[in-house]
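Same chain, two partners: subunit A is paired with subunit B first, then with subunit C.
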Partner chain A sequence: MSSAPANRDGTDLRARAIGQSTVRAEARRFVTGAGAYVDDLPAHRLLHAAFLRSPVAHGTIVKLDLAPALRMEGVVAAYDGEALAPHCQPVRGLLAHLADMQAALQWPLARDRVRWVGEPVALVIAESRALAEDAAQAIAFEWAELPPLVDPRLALEPDAPRLHAELDSNLMFAATVATANVEQAFAQAGTVVELAMRTERVTAMALEPRGLLAQWDAAQHRLTVHMGTQVPWMMQAVFAGVLGIGCDQVRVVAADTGGSFGSKIHCYGDESAVAVAAKRLGRPVRYVADRLEAFVSDVHARGHEAVVRAAVDADGRLTAFEVDDLCGAGPFSIYPRGSVNESRHVLGLTGACYRATEYRARIRVAMQTMAIYGQYRGVGHPLACLFTEAAVDAAARQLGIDPLAFRRRNLVPDDAYPHRAPSGARFERLSLCACLDELARLMGYDRLRADQRERAADHERGAHQGVYRGIGLAVFVENSNHSSANYGRGGAPIASRDGAMVRLTQGGGIQCAVGLTDSGQGVTTAMAQIAADAVGASIVDIRVFMGDTEHTPVSGGNWGSRGTGISGEALWQAGIALRAQLVAAAAALHACSPDALELVDGTFLRRDDRACVCTLQALADAIYFRPERFPRGFQPEPAAQRHYAQTEYDGIYTNGASASWVEVDTRTGFIKVLGHWIVDDCGTVINPLLLDEQLRGAAVQGIGQALFEGCLYGNQGELRNATLADYLVPMAAEMPDIHVGHVTTPTATSALGAKGGAEAGITGALASVVNAINDALAPLGAQVLELPVTPERVLRAIGAIHDPAP
Partner chain B sequence: MKPAPFVYVRAASVEHALEVLAEHGDDALVLAGGQSLVPMLNLRLVQPAVVLDINALHGLATIESHTAGGLRLGALVRHREIAVDPLVAACAPLLRAAAPWIAHPAVRHRGTLGGSLALGDPAAEWPACAVALDATIRLASRTGGERCVAAESFFHGLYRSDRRGDELLVGCDLAQASHDSVFSFRELARRHGDYAAVGLAVSACGRPGAWRTLRLVFFGIGDTPIRATACGEALAAGAGLAEARAQLEAELEPRADLWFSAQAKRHLAVHLLREAWRDLGHPDTGE
Partner chain C sequence: MESTTDIEFEVNGKRVRLAVSPREHLADVLRQRCGLTGTHLGCEHGVCGACTVRVDGAAIRGCLILAVQADGAQVRTIEGEGNDPVMQALQQAFIERNALQCGYCTPGFLLTAAELLELDPDPSRESIREYLSGNICRCTGYQAIVDAVELAARRLRGEAGTDASVP
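Up next is the complex of A and B:
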């Protein structure tokens, strides 16, 4: 259901490449094993890094003797925090515009104290990774244990031990918002529901762990870093800051990157330490985290406790929402984005899809001795959606209203935009009702309800004993195309203006350079489609080059569903400009008016008789090799560059709806997802195939968090399941068919009209799965409000087992 | 995630392997399929002086009829071969039923029967099946020749068995299933291919209400495969499901894991007993 972009400047935009399900040309490299990830990159005189990491959650460093490691075979150097400190700068993950935020200085390696299991304590550089690991194991490390701070509630107690001497409490951030009449709304409500919800921490678990190859060129006084990253430009500024050198003395190149999901947009101490070591040693150093390190050192996310309330009046209309959210975010705020954005999404977006005008929210983010906290696909949007939609379903159930009808009655109508939510969040243009209607049609809502009723009748007759089916709905918003409102204003070196360069090659092809990266989602192909239509070239003649600070324009990078919407728009504008320049050049070459020519599929046609005047190849030949063929004084311009930033809203919200159809076996507590549906509105669809697969992949991650995933910490702050045998990522065999539909509402803030689609699939999935489970359990009067919804939790909810959990 | 340094020895013959084990004992670890050992090496959970690779010992990779009419399985038989071998299907259908529950196809093509028995993971399928089938585990050493141990006495504790450091587990013998043998294999795992949250392997001879033998073996609930003796005896004596369940609840002391409490494991074990009851041909009591 995608449509051609509505264009403001009147160019003929009958889309040829945009909107096609073009397969990824770059996929051939990956499936044939020809990809070049960080671990594949060759380097002369390469050294390898391994880290000694803290085995305790909280302790004072008593002894740290590197000598035994330095004596070992193949070891070139070893550093602890003190050895590294004179050669680097610490970071502090504060966003300057958040007045009530505090965060401690963080050095690449721990100094004096360790504050989470997995914190890098020492770095060993050796001739091979195996030798480096052997040596790291030989380091003499002794510590005096300090009390671990695991429960964020206890960490905020006034007498809790302070995690950082420089801060006066363990509170990283707190914020509130309240409308004038919220108290009254709850007091006057006919129905108030209140749910206490809890979500386990999860982590992104990209197929390829984090890694970098850092090289220092002493002659040029320059650092070059190849890394798996979503943000080469941000990392340029980060490394420059850590090393205390100029931004332009750092080159960051995004290598092929095997998944990212928000885990590769941060300043990690281990990566900084490797860059410092490479500079000190003058030899290239590679570090690739292994899976165990990924578990304890990648950012974690989504561990919250929240009490959510909703008020409904006598007419079944939602009048107010309230949420009180607490999150434990680890000992440091991750630089440069900070560890509080998830909670801020909860504050800004709980209840925001609904007409309720009254709202109160409080968020608190505590520092504690667990892994550092950061962004994971969807950040706080899935939580805001979960809290809201669970409350909406609970209200509908209490009122005896069908949850689909209840939502239709209460959603912000599609003609009410621009709309400002009670929290202050501003929405350009949403299609919540249209998406919900399309979802109901796509999933066959009435048919599934009939199936559910038949099952209930079967139970009466004695069949299907103990097996219950349920339907769960979720409506969501998801921010994309961000302005500078958060990071730019907060002082984080993350661009919100992206550039794109497009040029005609000497071979007649079109070469594009954008500062984005591709983590495997296929944005390279989407960019090629945009360039093909903008320029008027065939997609096979487009080459897209990305993610190198030396050779591409600046970009904020690939996160927050911004790549296609922001970089794509810059590329569109650059392509339109180049097209005009090339038409002018062809017209000059053939002595006609530019108005008489158009460029279609790489061929210049006369508008009147559609006759071919020349091809891009012929024009390139003339431009580069036969300049004398142009009129005297005419200099053709075969390259164009444009930049774009979205400045009208804090972000352009996308929206959608999702549904899950589950079966709960109450004899075992096991849950089977029978079907999952998503309808998404991300504006102009560039590539339906890639978009649908992104939605599906994200939905799988959402189902994973709802049912399987969780970082299980013991009460000493130890991560108990840091392997892929014990941390249950969702696997194909457990996944249902995922059906995708679209509603298309292009943003008016760009010519392309594209919003983001990378995170929508995960945003609704948590809520729709949990709602479906609780719909299934409703006949038993039971509900589960803790994620993941494990068999254990189901069995306890229905009273099948009673004894206290261990 | 690289293993600590070790000496790699590829055994050229069983005698050679036994020489190495005689010399190094517990300082040597045997590499068969490597599906558990290699991750353990890489995580440095084990740091042996010697890794003894027995993959060249093709004589240990066979499935053959035993002289006494039973089945003789070599230690190097891969899980996948057990799943598809016609002799196994005829003589020990429980093994065939259990094989697809072991991990994923890639693991099943590499992992071996002997490796699984020697490691003795309490949540793994083969140790439980071996106990349920009253299998005999064959061990060889340079000094002691070959000795046989009943599977039920082989598993001593968490990753501890009757195998001495100088011994190589060379195979496992099974008796021929009788004409009235029946079995049940049930497993609950969060995801396809995961180790069992709770599993149950049952082997019986006779008919409902009149079992000559009945062996119920749970896995994933303790330090070893757990034989539910009282419950099995009750069933053999003609007890109904309710009584068998009461016996089971009294004798099981499940150990919690990361995702399941002891209470949940006991609840699930009872559920599997109910399923196995039906599998064995008992009437559906509707309980």
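Up next is the complex of A and C:
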């Protein structure tokens, strides 16, 4: 464990640039239209890719003739799965440390069989995208349909057709956990609630679709890929594996990335195919998915069915939770992260914020013929929170206890850490109660309850007929600063140890290199703030370089709320080291003891009289141009590099609480979100301006999943709403102002103390919105347990419409 | 070879003559033929607003108008708005209020917001939200965008206490 960052005179170094609402210098690039996303990058002799994708959910390839495409204008090459296979390696999205997980081999393009609508079947390379698309349509493709497997329950039936001949069932993964006395806890409970919940699949819908520009350098035998990605280092290993070449023969550069939210951290067959084609053709090839392709080929997430139960004793104390969860995860487990971590979070975290000591959980992940499944912001945390918090509210309602008071009575207290949940999840230090208290203050809980009571009285008097208001609370945990427990130990090439390099430039500035990417989080600015304080330089003199495997140290990348906590700590340590080296150099230059000097804002000061000895600029000048000015034999060292991995916990959990205030019109089923609040504890806050809007953005995505978003599949496995006109995401007019508060509990596993803040906003949002709706509907004795809570579902819940769902 | 049609239009104040394919939409032509990559494509079916450009003054979807339809028109993209005082105020406010994250939607939001402020120099938060409801931002919570448009409007009205605080 490292000591807290403090100067020798005891002043907290974090009090300077860290914690300031510094605006992003790079923002000016984006407001002037000068961003450079992958589709904007110039390339000499560029070729363009287009794909033929499967129009059916399940079928055998009967005929696939590329000749008509190859005869088309501007076409340079075309490949199907068989043509590409000799030049690439398949992947298998297996995490080796998970017992009972199985996954099939996946080739970049389908071979023999297609298994979801949108699976890439053939690739055409042409002189323009339009010509490539024309040619892709000319490919003669015939198939024989096989029965689609849509319902994960049916896919797991013993007599269900097997999706992969090499596997003995369609079960991708199953796991259970149970404490010794769970049966007894439910048997002896004064109150037991049971909810059958269902969530529709959603997709991240980053506004910039996935894309890459791949180039092969035959002279160096080297692939360079520019792409929108969160994980350049992981993608280096992925492309190396697919091409069967060494990691060091691949360079991955993260272009400006137009949102990602977990969608751009995977090995996609279409991207692999483009890399292979670029190597074969020796010319740069670009592919950017269009929106329709994005809907059917980006990973989907969060489609679960779960039965959740909670037991409460006679004193109103939660004693046990139980969850039985089923998820349909598409035909392949996405490489290299696998498609099962969402369910693993449900297993690990349902009920985990509460004192209940007994727990039982079962998770099952089925393979089926729907789009491939993977990580989306928050992964399984929002689901664990939804299942838990819906059950907690249902219990409080049944007992007639105010849901805020019920939570205060049952949450794990803030002085009980480190804490191990009944599932085995370990929490370093949480502030659940403090966050809930701050939330209640921020939202004016009592005032809103009073408003709700007035409304009820109005109803008695005949006013506001049919319009009900409700308050929903949710308490959550969210993992960050991961160890290798999720991926590295399972064999996935995703680093847990990040590096950072810091050096004094010849101009007297500080240049930093970290292996992260910035897809809008503002981590470039956060890193500059960290470096400024660590080194003792002014933030305007800091330059941060990221996202290029050629010029940065290794990093696991920017996902799972890990970037600032892990790379930031490496940068902090590198900066501290450089500061000491520079002070030693300045002391040598000015013939004094290093202990007599300190470096503040780019100036070396004498500790005794605070007199300026020299500046970073002057020191750089001496180091690089006037080495004779140093004492004989003294070699100043103007660069430092450090690495950091968090190894004490599987992850450092952040926590928080959120609340929603909604109005439900029972005449139309429409729901209006009147207010939303989040209190988050992500440890040391680097930049409140950036963090707060990230929390709001994440909350809006969560509200979207709660109310609007869902990938709607027909019973033939066809995605029925693969356009932005039909897949509804939140727009400005539907969203309320969102109020943000903070509690700060730095992690003791790093000197910086930062945990992650990228996912907290979404984690509580689903639950607080759903709880608010059900609070509003409580006077009608109705509840909605399916997401998204559409007007139709509201009207069904209150019995206004009865006919079977179409 | 595909047949082409000659068009002549004004892009950011400059006359441009091009032979375009009848199927090319304006956003593709601006991006691929004029090098104006600040116009982004998010859906190409008119929903997301990332490709918003101004054609004869109106903020429209660059993906829903064919390039041949822009023959004779005046087209302005984000790259051509650098000297416009309304746009400058908006850009500055967007930076200060962190009204963008990945930046992909940002040019579309700015051009739409500029049209709003030209029509209504003092919009309420509600009407800002309504006016911007044809543009998707998947990163922010929209709140910072609304804040920024409000701030820019106040500055353009010359209200006190709204001086730019950062470069």
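Please note the rule applied: the second predicted complex is superposed on the first by the 793 of 806 C-alpha atoms of A that agree within 3 Å, B and C clash if a C-alpha of one lies under 4 Å from a C-alpha of the other, contacts with A are read in each partner's own complex, and residues count from 1 in each chain.
Simple rule for what comes next: a residue touches a chain if its C-beta (ideal position, glycine included) is under 8 Å from a C-beta of that chain, and two chains touch if they have at least 3 such contacts.
The structure presented is a predicted model; accordingly, all values stated were derived computationally and were not measured.
In the superposition on chain A, A:Asp290 makes contact with both subunit B and subunit C. By the touch criterion stated above, A:Met731 is placed in contact with subunit B and with subunit C alike. Shared-chain residue A:Glu133: touches subunit B; no touch with subunit C. Legend: residue contacts after superposition of the two complexes on their common chain; A:Arg667 is shown touching subunit B, with no touch to subunit C.
By the document's definition of touching, neither partner reaches A:Asn715: not subunit B, not subunit C. After overlaying the two complexes on the shared chain, residue contacts for A:Gln635 are found with neither subunit B nor subunit C.
In the superposition on chain A, contact of A:Ala800 is made with subunit B only, not with subunit C.
Put simply, more of the residues of subunit A are touched by C, taking subunit B and subunit C as the two choices. In the superposed model, A:Val23 makes contact with subunit C only, not with subunit B. Comparing which residues of subunit A touch subunit B with which touch subunit C, the overlap comprises 130, 290-291, 723, 725, 730-731, 733-734. Within the complex formed with subunit A, the subunit B residues making contact are 1-5, 39, 43-44, 188, 190-195, 197, 256, 258-264, 267-268, 271, 286. Subunit C makes touch with subunit A in their complex at residues 1-2, 21, 23-24, 31, 36-48, 50, 77-79, 82, 90-91, 94-96, 98-107, 110, 125, 128-130, 132-146, 166.
Across the complex, subunit C is touched by residues 23-24, 27-37, 39-40, 73, 130, 205-209, 256-261, 290-291, 519-522, 689-690, 693-701, 723-725, 729-735, 737-738, 761 of subunit A.
The part of subunit A that touches subunit B in the complex is made up of residues 129-130, 133-134, 137, 290-293, 462, 667-670, 708, 712, 720-721, 723, 725-726, 728, 730-731, 733-734, 790-792, 795, 800-803, 805-806.
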